[in-house]
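For reference, the structures are reproduced in the following blocks.
Look at the two complexes coming up: chain A is in both, with chain B in one and chain C in the other.
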Partner chain A sequence: MATQRTPLPYWLIAPILRGSGDVWIGIALWIAIGALVTAALMRARHRAAWRGALLGAVLGGVGGALLLAPLWFGLVSLLDKRCAHCGTQTRPDAATCPRCGHAFTESPRLDAFVAALVNLARVVMTIELALLAGGIILELSGKDALDTYRVLFEWGLGTPRARANSLLAATPIIFTGLGTAIAFRAGIFNVGVEGSLYMGALLAAWIGFTFTDLPALPLIALAFVAGALAGGLWGLVPGYLKARLRVDEVVTTIMLNYVAIEFTSYMVQSGPFFVPGMANAMSKTIAKQAQLPQLVERSQLNASFILALVTVVAIMILMSRTRLGFEARMVGDNPLFARWSGIMVGRTILLVMFVSGLLGGLAGAGQVLGVHYNFTARFSRGFGFDGITIALLGRNSPVGVLIGALLFGALRSGGTTIEVFTDVPIDLVDIVQALIIFFVAIDLNLDFLSRRRRAKTDRDAAPASAAA
Partner chain B sequence: MDIVSLLDATLRISAPLILVGMAGLLSYQVGLINIALEGMMLSGAFAAVVFGYELGSTWLGVLMAIVVGAALGALFALAVITLRANLIVAGLALNFLATGGTAYLMDILYNQSGTLAPEGLRKLPAVTIPLLEDIPVLGEMLSGHSPLVYVSWVMVPLTSIFLYRMVVGGHIRAVGEHPEAAQTAGISVQGMQYLALILGGMLCGLAGAHLSVGDLPLFRERMTNDRGFIALAAVYFAAARPRLTAVACLLFGFFEALQFRLQLRDTALPNEFLQMLPYLMVVIALVVISVRKEWRKGW
Partner chain C sequence: MAYLKMAGITKYFPGVVANSSVDFEVEEGEIHALVGENGAGKSTLMKILYGMEKSDAGEIFLHGQPVTITNPQAAIKLGIDMVHQHFELVPSLTVAENVTLGYEPRRGPFVDRQTMVERVRRLSEQFGLQVDPGARVSSLSVGAQQRVEILKLLYRDARLLILDEPSAVLTPQEVDDLFEVLRRLVAEGRTAIFITHKLREVMAICHRATVLRAGRVIGTVRVTETQPETIAQMMVGRDLEMPRRQTSHATPDRPRLIVCDVHAADDRGLPALRGISFAVNAGEIAGLAGVEGNGQTELIQTLVGLRFPERGDLVLDGRTITRERNRTRREHGLAVIPEDRNHQGLSLPSALSENLIATRYQGAPFSRWGVLVPGEIRRFAQRAIRDFDVRVRGPNVAVKTLSGGNAQKVVIARELAQPPAVLIAAQPTRGLDVGATQFVHNELLRLREQQTAILLISADLDELLALSDRLLVIFEGALVGELDRSQATRERLGLLMAGRAGEAAPA
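== the complex of A and B ==
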């Protein structure tokens, strides 16, 4: 996981913990957060303007003091280190016990847990920053930002049906996000998941409307497998070019996306899958039994979401517990070192690109079998690009991708309604997405800078300690 | 099929490609892959229409398109060079920002969605070349285009001179070739990168202006239609040499013009394959280039 490379920034998870004065700052901070958030919510929801805001602030403040602050301190104190010698509790980033000087050894599990927490905080903070900037844009253009966001989140998360639709929107981008993340983690800048998605969708649709005699389960399984394979093979093309011929993958994957889009459009527009008399460029509808069962009433949320969740776990295991995952991470960290330690870099790149394309193919198959029931030319609304955003946002970790995809699903699904219920153009969602990417790109880099600075101070400190 | 009108259309279609191609070439030469060409071009197209309408003069609109392009180029450079964001990521973000931002502004400012064609905005006057227009075939082909078409032709030798005959151009190429060596030689690496990206942004703005006010005075959402990527394809195909890039752009323009004709005439060759062609050609060109490089190195 990328997370383990970021050491524990203690200030971020617990700016306040030990010491007499610091605790009060922490409690005050949580009271303030509770008050602000609740005030904003009450004001927006009840339209009782300032009375609602005041009530909200008081309630939120009390809630912050009684609920949030203890919860936070409880959580943070879980991370405390306990000295094996004298039993003193101390801050988790301490290297030695403050009382007896006993040196702590790092517990990797704890470290990973903390890093995951930090990542979660980062994801939320990045999205909040982008929403804040989007809010400023809204206010500048004379719209009510709070009201817009209220509509956005009410229709993204407010009702069971809205939540189901958000999960529906999240489904394809979980797959594409995972596919992009696994390639990024191996140091391959694969922008081509979109192309794999189209290939996978096309083949899944073909299976779906050709083998209509098969019973439901084998047919669905076959369609998913075929779609995944088609995506994976499509991903192998730039993979092969990179691994064997050293062709830069960024440009080839971008270009091959267009090739895939044009090719699949041809197949349904005038090629073999063309259906005369169909108004739009679509293939035949897939067999009834191949259509994935829906999970909730009055929403298209379907079984492919469950498959997506299973895939998250599978990729987690793949990346952290298998040889391929280990080799991919090593290649991503330092290809030269990986090569000299006996890893076949070319083979790893090929495999990673195959898996990455496989996931793209699954995304396409899921959309065809669960949502559209046919292959429509250019049906993807930038799922591949959303996948890139999410992979960056989730810092290439499967859980991060899942969280990012869920948030993005809500944003997308809620975004379609803001145009209906407010006079704000839907394009706001695109702007917010662009801002998120910008913030992530810059944040990644700040992380990089701090790592470099630390490396430098370590280097400077080394001779001094040697002299001592 | 009327060959003259086909070539005429080729020249018209390839002009923005050439301009953007020169922009992509500059950033290629300084060692940066510029994904953001698309977004800069779209913003330029929008700026040309908006400012052309608001200021009452299409030419001022074109000027503002250049300014907006330069501003976006500077923004991109700030993110990529100063804040050291990932090149591809920042480029994607800029493209999103441009598609979302132009559509958003169009809705906010003019309460329009989809297409913006303000009344009273005129397209750039077509240029007729005095003597040339009397020659039967050549005149029909070469004369009577929008002025930016001719600008695009002038830009090709200008870029060539800038890159290969001027000191600054040499510095830009040096930075692209080997940044550390250039730095040691006293060249400001960041300065050259900024310069190339900002100049590229200006060219993109100009190309966008050609799209929006060159032929029809209107702006459509996503009207650039991936031309930025096609131009990038041309740059790669020509290994970033100005004249070859222009030729590649003309070629792609020819295919696009041909495809319109074929679409009208409904032939056997599906036009999706023609549309695929530039992209496939890039992949092939990249493979050829890299195989040749490997050969030279010796396997």
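== the complex of A and C ==
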């Protein structure tokens, strides 16, 4: 093969992949982590005696050796709490014992720590299970699954350039993931970020090749602002329909996606932005000074990635610390309550849809200014739809979206080269991605197990309250 | 021997006992009313009979034979069938298709449409249920849809029909038609169980009535030998230690809330409020009595600003607020304890502190320039937890983990943190235990001393009599009586609530 493969210290990620480096160190490391965490959780959550903790350590160790350590974190953290007073088992999030009313004394800090751990385990578990299922599919179809994953990791993370390309692939989906997540958080199922992305990209490109006399900074700023506004206004259309006329947003946003895609294609294919003599359907190239600076040599990773990181922080602050964020969360949690409390639900929906579209517009502008340098018809490889997956994976939290987008970026970027080095078709990445969506959807992490258990504890608890 | 006998039925739900050793008997050929407040356990009992819920204890006998009913199909096979409050029809199919759904007449592998239409037509003529078998259900009125539901039961040859609040969605004319059909059905030897909380209907159509309260049977009465007010008392009475009567703090010349000739429609566009007028003075608790479903819900929504009146005016502290939205009304000093605590009054997945500031986050000190001030919010929440004795670990706990009494304390802490000008308290003690009820009562009385005008809407007559300075009675969307506390008795209230104002006048 022409290109050099760069073996990774796989044992760091997953001992099962072997490769260079000392496999045993990796296995020992994971056994230690698995045992420690499982034992600690057994002790703290389950109030198990030391024997239980020891058992947890053994199980965690076995899990760790099999690369499923994070899976163990998740499972163990699901274990019921046990009331220290009367011994009743109850669900992990209960504050008081349903039988004797004994208040659990876990400190809020420990609770928060466990919650964070559970969330992290959830994301990792989901992806791990998807990779596992994908591996089984590969093995069944007679391919070398381990080698395929080695290639995937090498080209997603192996060299500085590969890592830069992963970040490049992550950039647009950080924006679209955030945009989708804040709409989801407000209870709006906005799947129209893709449409906003096209509108934003088109307008940013137009600014870029029209106002060529402007110096770099004002031009770039203007292009971003215009792109964001275009996306935001595009998001307002279904927002208005939902807020004022109660039209279901899923239908309108899906349809408006097509409108946006076809409209922008028309603009460059035969409309005002058509460039005679150009083979592909693309607009004029934007001014040299409008092209975003690149961050790494031999990669297209550009300044829009930094903007994406800034945006993550901004959205975090917006959602947790501002009035709009509070309103959005209340409307998402219980719209009826929001109405009764005097929160203007319609206005909140409009604003959230505007911000959601705004982020889609930024994604489009970033791609135009940093990667393509023009507007190409249908340039998006489903960035808007990846955003939906990531928002679900990250449970609508900005940090979760960032983590999800980085993982997806690596997957996408590593996946493109799979065909070169193995006889596995590139569709594998799509399969793994679909499996991730699948596992997110069944949400085996918390609800699946605890729902069954809740039904059981409720039955047990009822006679006690009847007697009271 | 009784046709149907349910013995010792007990059903637990998380934290509540829906049915507690309920004994229930129905004779063949009668219309038996099952009455009680919302949440008394009527629907649960019927769902157990219909196989939708499994009882935790108890037995069911049909013609003296023990039967086990594990699902609705089994119930239908036994001749027990149910019309649900929310119809279960396929709007895009025709009447005949809906009626025969799942039991279509067949010719070979195909549905025999001709026979289907013919059978449904014959059935509808036989029982006077006028519907066109070929019409699409989506084009029918609510009353006609209900006739389709009843046809469906008759097509499956139901012997025992359960009707879950069948009149709740009907116009008075349609109710009369329904009664006509029911009479015809029992004349034919069928039996009906009629779930309702409207006493007029019990008196008009039923032979016997069983009253449930808090999951227990209070008694079964023969309707012809009973006065409606007796049933009303059985429904709402509660053995509770009520706060002692206190001297009035009312300032008669200072009305803080004036409702003037308010007309409003319900969600179906039918008139729900027909010219309501009253005023609540500073330092006064005005109690609103009435059987549920007589316009109380619409009145609350109108006062809060979630339903706008077609006619009439609302005045709060001398300011007309008829067209103002909820938020503006709250800024002018309105506070509300909503009927439905878990949906209207609280956001269960959200944190305690978020619930507490939901009505006042807009301005200082909780937010400045659109940015929340977490320190102020936490301090406010901690103070509220202390002042209102909410048993909780901290302000960041999700409200869904709290018990009913604690959750209501959160609502009250939010609404009463600053003494409001006017408080609308709707069913403030529903589902609460004795201690929590006492707490709520004391809070209301404390507020009265601070010259708040309180409108107390309650299904609990004892609560109304104990707390109110003045009692208003609502019946079919109009105020039919106003009694001073000294004149108010359970009997007179019962008569007024049953719509018999003439007999309630002092002799």
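Convention: the second predicted complex is superposed on the first by the 331 of 468 C-alpha atoms of A that agree within 3 Å, B and C clash if a C-alpha of one lies under 4 Å from a C-alpha of the other, contacts with A are read in each partner's own complex, and residues count from 1 in each chain.
Everything below uses one rule, namely that contacts are C-beta pairs under 8 Å (C-beta built on N, C-alpha and C of every residue); 3 or more make two chains touch, one makes a residue touch a chain.
Everything quoted here is computed from the prediction, not taken from an experiment.
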Name the contact category of A:Y266: first (chain B only), second (chain C only), both, or neither. first
One more residue to check, A:I431. First (chain B), second (chain C), both or neither? first
Which partner, chain B or chain C, is in contact with more residues of chain A? B
Counting only touches as set out at the top, which of chain B and chain C does A:G342 meet: first, second, both, neither? second
By the touch definition at the top of the document, which applies to A:V250: first (chain B), second (chain C), both, or neither? first
Check whether A:F274 is in contact with chain B, with chain C, with both or with neither, and answer first, second, both or neither. neither
Check whether A:D333 is in contact with chain B, with chain C, with both or with neither, and answer first, second, both or neither. second
Tell me the contact category for A:L324 with respect to chain B and chain C: first, second, both or neither. second
After lining up the shared chain so the two structures overlap, which partner does A:V440 touch, if you call chain B first and chain C second: first, second, both or neither? first
In the complex, go through chain C and note every residue touching chain A. 12-17, 20, 56, 304, 306, 325-327, 329-330, 336, 338, 343-350, 354, 358-359, 361-362, 367, 370-372, 374, 391-394, 396-398, 401-403
Residues of chain A defined as touching chain C within the complex: 93-96, 98, 103, 108, 321-326, 329-330, 333-334, 336-344, 458-459, 461-463, 465-466
Residues of chain B that touch chain A when the two form their complex: 33, 35, 79, 83-86, 88-90, 92-97, 99-101, 103-104, 107-108, 113, 226, 229, 232-233, 236, 270, 272-273, 275-276, 279-280, 282-283, 286-287, 290-291, 293-294
In the complex formed with chain B, which residues of chain A make contact? 137, 141-142, 189, 191, 241, 245-248, 250-252, 254-256, 258-259, 262-263, 265-266, 269-271, 385, 388-389, 392, 425, 427-431, 433-435, 437-438, 440-442, 444-445, 448-449
